[in-house]
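A quick write-up on the structure given underneath.
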């Protein structure tokens, strides 16, 4: 393997990592503040992708499509919170899991009814569709680089939001002490709704960004959501910092594993054995990592202080 | 003079910046009922949690019959003869009253990897369980569900379960909490009737404390400020100021 | 918790005998109706009945840990898949060679393999998951389930995500497994055995411990129980039984693919348990029956039957008083 290939796969891993972070941050926010488990978070990712696809065709521009899809996804998030989710906060986790499992079935079928069973590919404008040459003669798709940078900007924004704004102060206070926020005279219901909508937008944004690469398709959220679960389990449920570090770690390990594990195995076993076992092991790599981390730290890498 | 059954040496525990247990050195003598009193937030429940093995102390040691048990799990301590009752009633609501006590008996009659014989027809469990219910006066309620009992009855059941583990020492975390005068009077009678069992009692009900305790320790902000006989504690100036002040 | 139930002991007693009568009637119906169906030459409904009985075994095994043990495992379909591939892979090698050590059509071998591998997997997963609580537990069981899914997706030799065709059913002495009715009764007999086994387990000393640990683990530990090891044992037993169900399922469908252990499949198993009432041993069988009938009914109206199904699921959780757990309590009484 040569160095530039490793660098390219490193960047691909970063790209997966920032997408995972967008998904995981919403999950970890809703869990940290509302103690709510949302299996249907992946559905918002899918909805974001489909909105973006339709709006891109309608406006003729991916950028406009994306910008308009963001408020649309937020509206869906608000509606779901109002109709279903807010009645579940006081219930136990089993109820959360069952109801949001029901939501997934609804979302998948509704999406199929509206957009049809086929996936929709999203065209990129030419200035995004090309490739850039990075230092060291590495040729890398422009759009993927944009995803990485965009994701990092959003991560920075979230950091600022959580640590330096009034909303963030409430979020942090709420995560550690729910009754205290209530005692401050804050309408806790509004806070929950806002946070849920924020999580929906973050998930939707991830879907919008991936749509031009993979196309928008039914059930796309159900695969990646499990990986996002692994991210927040590894990072420590409720921790934003944990979600960020774990997302990049999982993104890199998964991508690198799939690309280079067979080469690595060939160093210690026969070519044939390596080629048979490497795909199986790389498919399980992040779960094995999760198992190891949990065996050492059952609460994840960065468990929130009060819980 | 009886020996020392339970001893803490410089026990410390803090949460963030709050010191819940501050260099606590306490001695419970064999056969006595030792009460720990103090205002809310004094760290009494945290102390019980460390003694019973639910919470690891930051520093210091816990000795039980001279053996260091600081790092032992709750279940190991139970097998050494340390039982506890919980401040928030924790009986098994979905099970019958007798089932609750039988489960406690079962914990101390060998391992439970017995998959076939019905536990509810097991005389080795039911017999001793009924005996414990008699001790707390609940024998008539044996077949009712725990969820159908009154609060006071659940607290009695809680004592029966602790007794069923055959303890040398019982840690009682506010056994009278939430009770009316009549119920707590009954609880005092129940606890008085338990002979040969050493007790560490955390309680707010001063009538109950002075009726039961042989010695009293006073805890304020995680620190023990005094230990002595009930009469000594009543007369202690520091205690009056810190705690009993308004009552005296 | 504090409310006083209106049903007195006498009321409960009559409820129990009604439940028992209902269970008996259902089991008799499951023994008789398929014979009539088969005599009438209706292969389709015999297939449904077989699927019902096999999925019931899986749901009953899940209920041992979910309903009685309070362990919300969202990866239980993985054991169905493992069991099915424990039939598929040896049969594949018996036909195409290689790996002669496991190449076999022997049903006893298939079942032993399915039970052993499932138990082993449950041991590893349980050992890690049971160190955690609540949401962690749900998500980790889910993630491990998905790991098995991806493992089989990556195995090109066994068809990857296209799946694997099982060309002949497991061979068992004295039973013509190729005959649909004989195979049905193999499954039905297995269900009876599993129901009896789980009934004995939940009422034994061991069963009392896992039920106690469900209610209040701290309490159990202060009584002197090492709850972890008992819960782990229950987790392994449930996995092993479900692996057995998987071996039957693999035989039955004769086509196996990773999809059967997707997390949606785990969700469906969970739904069966909850629907039927998680605090009785027999409940999941009712749940599985309702689920399969709903599936048939709704899908006969529309290909988009997941929509009404999903809405129903949400409504059940939202409006059945006290949520699903409340329903469980009332069904259990």
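Note that the chains take the letters A, B and C in the order they are written out, and that residue 1 is the start of every chain.
In this text, a residue touches a chain if its C-beta (ideal position, glycine included) is under 8 Å from a C-beta of that chain, and two chains touch if they have at least 3 such contacts.
Computed from a predicted model, the values in this text were never measured in an experiment.
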Centre-most chain by CA centroid is C
Taking CA centroids for every chain, report which one is farthest away from chain A.
B
When centres are defined as mean Cα positions, the distance from chain A to chain C in whole Å is 31
Calculate how many whole Å lie between the centre of chain A and the centre of chain B, each centre taken as the average of the chain's C-alpha atoms.
48
Using mean C-alpha positions as chain centres, tell me how far chain B is from chain C in Å, no decimals.
42
Among all residues of chain A, which ones touch two or more of the remaining chains?
none
Hey, which residues of chain B end up touching chain C in the complex?
52-54, 73-75, 78-79, 83-84, 86, 90-95, 99, 102-104, 106-108, 112-120, 122, 125, 143-145, 147-148, 151, 161, 165
Residue ranges of chain A touching chain C (in the complex, touch as defined):
31, 37, 84, 87-88, 91-95, 97-99, 101-106, 108-110, 112-113, 222, 226, 229-230, 232-233, 237, 276, 279-280, 282-284, 287-288, 290-291, 294-295, 298-299
Using the touch definition from the top, list the residues of chain C that touch chain B in their complex.
1-2, 4-5, 9, 200-201, 203-209, 211-212, 215-216, 218-227, 230, 233, 279, 329, 332
Report the residues of chain C in contact with chain A in the complex, numbered from low to high.
72, 74, 124, 128, 131-132, 134-136, 138-140, 142-144, 146-147, 150-151, 153-157, 263-264, 267, 270-271, 274, 304, 306-307, 309-314, 316-318, 323-325
